[in-house]
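One chain, subunit A, links the two complexes that follow: it is found with subunit B in the first and with subunit C in the second.
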Partner chain A sequence: MPADAIIRPAASPSGAAAGHRLPSWFATAALLMPTYGWLLIAVFLPLCTMLVFSFMNATPMGRAPIVFTLKHYKAFITQPYLVGIAWDSLVIGFWTTFLCAVLGFFAALALARATIGRARETLLILILLPFWTNGLVRVFSWTMVLREGGFLDTLWHALLPEAGSIGFLYTRPAIVLGLVHGYLPYMILTCYIALVTIDDAIIEAAQSLGARWWTILTRVLVPLALPGLTTGAILTFVPVIGSFMEPRILGGRVGVTMGTVIEDQFTQAFNWPLGAALSFTMLAVILAIFATFSGVLRRNAGGVA
Partner chain B sequence: MTNVDITSVAKTYGQVPVLADITTHFAEGSFTSLLGPSGSGKTTLLRIVAGFITPDSGKVAIGGADVTETPVYARNIGMVFQSYALFPHMTVAQNVAFGLARRGIRGAEAKKLVDRALDMVRLPGFGDRRPKQLSGGQQQRVALARAVVIQPSVLLLDEPLSALDRRLRQEMQVELKRIQRETGLTTIFVTHDQEEALALSDNVAILDRGRIVQIGPPAEVYEQPKTRFAAEFLGDTNFFKGAVSNGALQLSDGTSLRTAAALPGNAKAMVAVRPEKMQIVGDGTEVEGASNRISARIDHVIYAGPALTYVLTAKDGTSLKIFAQNRTGTIHPEGSEVTLAWHPANTIPMEDAA
Partner chain C sequence: MKALARFYLLAILVFLYLPIMVMMAMGFNDSALYELPFRFTTRWYVALSGNDQLISAGINSIVIALITAVLATLAGTMAAVALDRRAVRGRTLLQLLLLPPIAIPWLITGTAMLVFFFWTGIGRGMHALLIGHVALAIPYVVLVVGTGLRTIRSDLEEAAISLGSTPLHAFFAVTLPLLTPSILGAALFAFAVSLDQFVISYFLSTPGFATLPVQIYSAIRKGFTPEINAISTILLVGSMSVIVVFAIFARPGGARDKR
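Coming up: the complex of A and B.
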């Protein structure tokens, strides 16, 4: 244990020092404290609070006595339209993750294999640039592009003056587009990290054995980038399911997702317990999906670390 | 199992010429080492044969067919890399079967060939392991099996033993030579380790700044180096400079050295003598045939048990080194004046004169 190694050399040479020696668990605990302490305060406590809320009858404000109930967890049964909304959210989540994975993988591949030095740094900054702008501004700028008579239509009409509008604002593809734009950098970065560690000689070895680009892609690059793709998929899928800004602004009437429903419970309906219960239900669904997929991935990928 | 012909191949990166007009022939079934310091172009030449680099000019032919424009995957080469380059996500058997699958060989037939290849590299039963579970030497054996199992036209080895420790390297040299003999593959081997090159090869090619300065069997290249670079790069060498008179080399102190091969016609010339070819003789003692004699002073003695190294200064100021077997247990003391004698046949004129 590293903690042992740090303490022992100082303590063991003289017998007198032995009395001051700290138990080995102390150093380990001291090193872990800042991280786990922070996680406890910033993540675990709020989550626990929400979990407690989800069992309450009503939002604990005012004088009403606190009554515990399971009724909010029955929402999917008592209000069947929520099942449809949850399904829509999952479909949006799958599409966004899928498109991010395809685009992100190839962008990362180009970044890791086709560029060197300065060009690579410049491209990395361009990829990270969307992170530096306000999310709301990013989403609203898409409305300018996608609306009828917007930037996209202007371009389209410059080519075909007689054609109708191709603006697709307030549709599900518009929501997915906005979400892909927002979450693509995560996928690019996680894939990039996985791809950049692949030794050039491995690709060359595959070529020398007779593999063409398609075989190299499917048999070597994708399997070796799988850890990055998985991480990227989790980093994309989870927040996309809970997103409410993009569906609301780009989806309009069709933009009702679990994210917006939950947000409504907190900000409009002031029904925090229902919002919390819906959140935890979705969390359970997402964990169930990951559990299913991780089994599939492990079987396919074998021993890839 | 085919020969490889390189014709007028040149490659330049920006302003830097890496290879300058290389023309050479690798005979069918031969084992040729490309030996040279880093930057000499040996790896570039290997990668041009493999197809990873396209030469600016010139032709590469494998088995008589021009492959200069053929992409790597269609060249049917077997390549072994310094970093092993095994596919980490595949088992040993899957690694070896990868090239077979690209040739449409799958299933039971592939399994038979994979097992045979693993037997050949002495790793039977390792098929289900992952590369990570193997030692460096074992991984390099798998890489070798993977390259050989596809029956390539030519086997290209890019410093395959450099990452191994000394003992393992010597063990692998023996294995490599055995496998090359068994398969009969035309082999090109890049290395910067001169002993490795001498021990393994049928032919050694010495490269310097993008040119092959000498190519030939190891004994020929070692015993008869043509240039100062070849003599210096392969083993230790003593050089004598002087003027040519009466077919002998006249040193500045008047000593005359004879050579078996004719000295060049120039007025000035340089000869090379290997340190182990010279011996310390007593005054007046005649050693048969060793008619070249000079006197020198011993500066240092390096005692290494069975062998001794003397560092000396000759009368004309040339610093010398000689290797002596510790046969009698008598060591000449530092500071003593001695006479060195050797055969004219071991006095090799250099083509690039002083």
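Coming up: the complex of A and C.
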């Protein structure tokens, strides 16, 4: 890097001593300071504090002495109902990710292979646009569609006037539907980035060798799109596991997930140490997922290259 | 096959936009209980203009988004320039440190901020919200401006220096003008991130100071009226316009021409 060559002499001790100019590392540090200082105060120190809190006996209020304990990390053993909630959250996360992957992969495939130029650009922006609008408002929109006597019901009754209601607001499928709606654009984008680089010649070669569309799909397209699918799956699964507003609004009484349990500890039950311990357990699960799949991703990259 | 693919894309678009359209339409429907048939009215928008709580929350949201955009763009651009153009030790680690604010669920980041701000006496309210929003927006700014920097050749700056310009002057006279579209794009991005942020705001709001999404959430929890549809429609249209402007500004093709 030629840029470094210009900077480096000044960084040497002689350069710093040579004149009134500040040493180069000082300027670099000053440029980096605002960003990393801010992240330290707003993200990293809070996470460390919460880790400390997770070992406390109770929320430190007033003059009560602080006692350190591991009991909140044993909550899954002492409060067995949490295991059921954790399982439900994982199931919701799994279904959301699975549906996003299937719907998103084919949407990305259609986008990459059946559209060109302007139309493709416009479609991509249209697909990504909802992602940058308020998630809360989009979840709220679904209540308009799914409630009893809502849009879906009205449509259904226009076809079959005598039929009962098919509105399924306040059920688990409603939560999954809302979450899929929220994260599908992400999956389409990551799959599209992987698929758009595939050379037409590869598919033509497969066709000319007699491969049917099913073979091309499973032996060529899916393996080549796997990094995009994996990235999309992680980007979907992680926030879904931590969601609490979607289950509350779309799930009503059945919408109890790890996210809502953690939120309760901070806003209702005022048991911050338990909330912190559950958060860090969740974070550990997420990191384990990252670690597992980063290995898979690297192997894929190696295999393709 | 192509017709099928296009039909499928259309179906995906319907899935993505249908609930939003229904929600928007219901904001113009006369029935307070969202009953059909549809009868057009603007009375919910009229009612909204008298709802001081939602209006002040909306103003709070815009003020915070503006300040966040300025601060995050300033800090993030400086960091992006340092990471891309200067000799930095531990560059990979520094780049990795930008990920947690994006990758850790907001629920965890938000509650951690709540605990830390309470413990240090920073407390909740507008300043706390600003600290949180800027931290969330900075990584996006560094990524957007960093991408822009990589499309600008660094030897232009070196040429200026070899012709007698100081490094600082060379940056402001050569690189910064070329970088302006990326910086504006990043600022819009930061604005949108802040405007749509709900989870962090939810934990750091006080009863006296809330942003629009937080106010909408508590209204939904209490039982909703078409007024919420009206304010939601305004919020959606607002953030969609910001992003469309961003898409026009930060077009990859546009940046490539300026080499």
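Quick note on the criterion: the second predicted complex is superposed on the first by the 237 of 305 C-alpha atoms of A that agree within 3 Å, B and C clash if a C-alpha of one lies under 4 Å from a C-alpha of the other, contacts with A are read in each partner's own complex, and residues count from 1 in each chain.
As a convention for this text, contacts are C-beta pairs under 8 Å (C-beta built on N, C-alpha and C of every residue); 3 or more make two chains touch, one makes a residue touch a chain.
Bear in mind the structure is a predicted one, so any value in this text is a computation, not a measurement.
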(message) For the overlaid complexes, name the partner, subunit B or subunit C, with more touching residues on subunit A.
(response) C
(message) On the A-aligned overlay, A:Gln207 touches which partner chain: subunit B = first, subunit C = second, or both, or neither?
(response) first
(message) For A:Leu224, using the defined touch cut-off, is the partner it touches subunit B, subunit C, both, or neither? Pick first, second, both or neither.
(response) first
(request) For A:Thr215, decide between first (touching subunit B), second (touching subunit C), both and neither. (result) first
(message) A:Met144 in the overlay: touching subunit B, subunit C, both, or neither? Say first, second, both or neither.
(response) second
(request) Look at A:Phe105 in the shared chain and tell me whether it touches subunit B only, subunit C only, both, or neither; answer first, second, both or neither. (result) neither
(message) Looking at A:Tyr192, would you say it contacts subunit B, subunit C, both, or neither? Reply first, second, both or neither.
(response) neither
(message) Just to be sure I read the superposition right, which of the two partners does A:Ala42 touch: subunit B = first, subunit C = second, or both, or neither?
(response) second
(request) Within their complex, state which residues of subunit A touch subunit B. (result) 199, 201-202, 204-212, 215, 219-220, 223-224, 301-304
(request) Please give the residue numbers of subunit B that touch subunit A in the complex, ascending. (result) 50, 52, 72-79, 81-83, 85-91, 98-99, 102-103, 130, 132, 143, 146-147, 150, 156
(message) Looking at the complex, which residues from subunit A come into contact with subunit C?
(response) 1-4, 6-8, 11, 24, 27-28, 31-32, 34-36, 38-39, 41-47, 49-50, 53, 103, 106-107, 109-111, 113-115, 123, 125-127, 129-130, 132-138, 140-145, 147, 149-151, 154, 181, 184-185, 188, 213, 238-239, 241-245, 248-249, 259, 262-263, 266-267, 272, 275-276, 279, 282-283, 286, 290
(request) Note which residues of subunit C are touching subunit A in the complex, please. (result) 1-2, 5-6, 8-9, 12-13, 15-20, 22-23, 26, 34-36, 74-76, 78-79, 81-83, 85-88, 94, 97-98, 100-101, 103-109, 111-117, 119, 131-132, 134-135, 138, 142, 154-155, 157-158, 161, 167, 192, 195-196, 198-199, 202-203, 213, 216-217, 220-221, 224, 228-229, 232, 235-236, 239-240, 243-244, 247
